[in-house]
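Here it is, the structure in full.
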């Protein structure tokens, strides 16, 4: 029984330019286009993809944090039996922070600069656990202590700009786990941090999740994070899952050309000398609509005209439970062939 | 490959896309203005502002030829008795009625547009040029002058702050007191008020540009400082100044009217100017309010036009809004 | 906190010094100088020389400047050529009226402007927003004295709801305590006098409030719009906090910071506006006095007023800085 079950989630932004001035084209954009995945209790699930693939929008949609105006959300997202997407404003407000919590990418801008850390931690305790005054302060101090912030009593009185980057992210994590949520969504929690701090923060997240049995939805573009943390991985491209598999399976047999390319583009120390790096061409802006075919086709080394005959379906060409959205997947027999093609 | 024509077309499109991808993506510099202009054309605010300004400038140019009567001849002197509260309102031959000296108000409005535009433009230019020079020196000194440059910048900015601290009207009054009462005085006085605004703006914008990566890069590859200022920092710092210039035209016209009201305006009553007309007419406001309303509406609508266009330009040039 | 105030006060010294030099130079550049201001323009050269000697104008410039500064510190701003009274006394006499008017105007601007700007931003694109934005544009573009005339013509002369001039009706005999008419009535228990003063205050205060109101609406709106898009507001929402907490603690508290600065910077335009508004309503404050001084070329009064305004301006902005630093911790650490 999964804790969170997302089914055919789609998010469409109405075109901008309805306001004064700017006057941009009023075309609607589909940021998320039918994404489905499950998160079980205690499981760590990764949403992977480059910026613009819809992974952050997915997270915001689940949290009910997308603006109501100009955005339409479709599909279902059952959390503990209730649909997060159709839930009333008040109800989801009660869930947010208590059962569902989120950690954001940039810890500096995600903390209110003019409110002391202490208030920002205690306000969530007051809201969901009814703690006030000294009790709230004590609990906040122990939370900071738990996420590894030394001298918590002093830190509670300080403001975000007085903390280091890693410290700020720890404070944000403290707020997120303050009410022992059942699902934690982490949106690129380490991107804005130094590499050494990144490892510490990931370690902390892992620890917290293991201790409490919290489910974690990890949103990242960093395959290193995925390799170290996730049980199950969903690779997103242009708003759709293109490959879903267990971590080991995905790293051993990336089958969608995009996932294949992503893994292939990581520099390797054990690669033969002189072998060039293999980036994926172009950017996510060079896409075609899913309705016309495979959105990745313009950047794909393996595309055929078949790729343009309509949206490819998710299939399991390699192993059960390993889903791939591609009509021309990278299978063992192609291996030598595609390597030759790429290097030519 | 025996594909259907539709498919082939799509395939071609993809190949084209692939080619496009190979090109490096650099669109900046001149692109900023082109982009801004494109957005201005679709902005309602900008269009309304532009049309208002267009009409105003047109009237300022051809107004004297359109005017049905002389703006200065007191043709109907015998019909107006301000002391007894007797005025002549709109009628067939005088669309806007007569002013307190029996002159045709409509003709005075048409002819007055030119002088109003002149006062606005000249005072704005005075403020712009003087302010830009001060701001540029200060900004250049602060970004590239090292420690002595920073000190010079501090001194200059302190002085402009002093001027900024003074209420603009009082500043204008002081200038007028030294220079005596004339149209030039009004323009200088209103212009001087704008100097610190432009100076601060250009300096701030140059400082922001000066610490940007591309200027660092230019310094790193050893381009001479003067060249960096002239070719890199200045062009990129000018857009807020141009926006401010548009907005300043509105302020200048309003300030000039206020100066006229305080009795510091153009002393020559023969040349109609909306601010002067308003300040003369306001004495008779209780008996002949429309006489004040015509020039006031002229001033307000014109100021609105410049403000709308300025705001639209600001929005169009705002990099945060660029999509 | 004290150190901040002390540092800001120290920073004022060069500003005020610079201003005094400018003023001094300006005084010396006046057509004909003080002599002709005193004697009129038809004075003979001998008379001018005599006056100059009497005023010490034949001494070196720096001696004159020293004396100028010394007199300022003694609050000796000279004598008004209109009334023959010391300028300082003329000011203190009229000061309460102008303060009353300005405070009323800025209060109107803040009390109306901040909520208006806030709700305009919250409901961006709604009729409220459109009205607030276009209204504030109009407020900036309408000459203050014309608005004052309009209000007076409509509500005082035609409808007779409010009095059209002065600070108190002629029949009312109020006891003077502080000089602030509204306050005096409350202090002495003469509530009808207070009410009368309030009625006299409404129209000029509304007229004077037009520009600050417009600026505050636009500032607040822009600032709230920006803050609403900030990450920390999203964080606050992600914590499931009450809407009220999110708005008060996370949106407004940040959004009001630039508005506070703007209020300080508005002092200058407020005093300019007071000169215009007070003369339309014959309000009897410093503004009206300046208006007549401009007509009479009463330079001692004008110089004194400029110094006075500069002082008020820097002091108010000092207050604003302190208030700002109380709210924004980032400014505190240096």
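When the chains are written out, they are named A, B and C in that same order, and each has its own residue count from 1.
Methods note: contacts are C-beta pairs under 8 Å (C-beta built on N, C-alpha and C of every residue); 3 or more make two chains touch, one makes a residue touch a chain.
Worth saying up front: this structure is predicted, and the values here are computed from it rather than measured.
J.: Where centres are the averaged C-alpha coordinates, which chain has the largest centre distance to subunit A?
T.: Ranked by distance of C-alpha centres from subunit A, the top chain is C.
J.: Just by CA atoms, which chain is the most central one?
T.: Minimum centroid-to-centroid distance belongs to B.
J.: Looking only at C-beta pair counts, which chain-chain interface has the most contacts?
T.: Most contacting pair of chains: B-C.
J.: Just curious, how far off is subunit C from subunit B if you go by their C-alpha centres, in Å?
T.: Centre-to-centre distance between subunit B and subunit C: 25 Å.
J.: Taking each chain's centre as the mean position of its Cα atoms, how many Å separate subunit A from subunit B?
T.: 48
J.: Could you work out how far the Cα centre of subunit A sits from that of subunit C, in whole Å?
T.: From the centre of subunit A to the centre of subunit C is 53 Å.
J.: What positions in subunit A touch 2 or more of the other chains?
T.: Residues 20.
J.: Along subunit C, where are the residues that touch subunit B in the complex?
T.: So the residues of subunit C in touch with subunit B come to 14-15, 18-19, 22, 26, 29-31, 137-138, 140-146, 149, 152-153, 157, 268-269, 271-272, 275-276, 290-291, 294-295, 297, 299, 302, 305-306, 309-310, 313-314, 317.
J.: With touch defined as at the start, can you tell me which subunit C residues reach subunit A in the complex?
T.: Those in contact with subunit A are residues 124-125, 133, 230-232, 234-242, 245, 249-250, 253-254, 257, 327-330, 333.
J.: What residues on subunit A touch subunit C, complex-wise?
T.: Residues in contact with subunit C: 18-20, 63, 65, 92-98, 101-102, 104, 106, 109-116, 119, 123-124, 127-128, 159, 161-162, 172, 175.
J.: Show which residues of subunit B lie in contact with subunit C when the two form their complex.
T.: Going by the criterion above, the answer is residues 158-159, 161-162, 164-170, 173-174, 177-178, 180, 250, 254, 257-258, 261-264, 278, 282, 285-286, 289, 292, 296, 299-300, 303-304, 307-308, 311.
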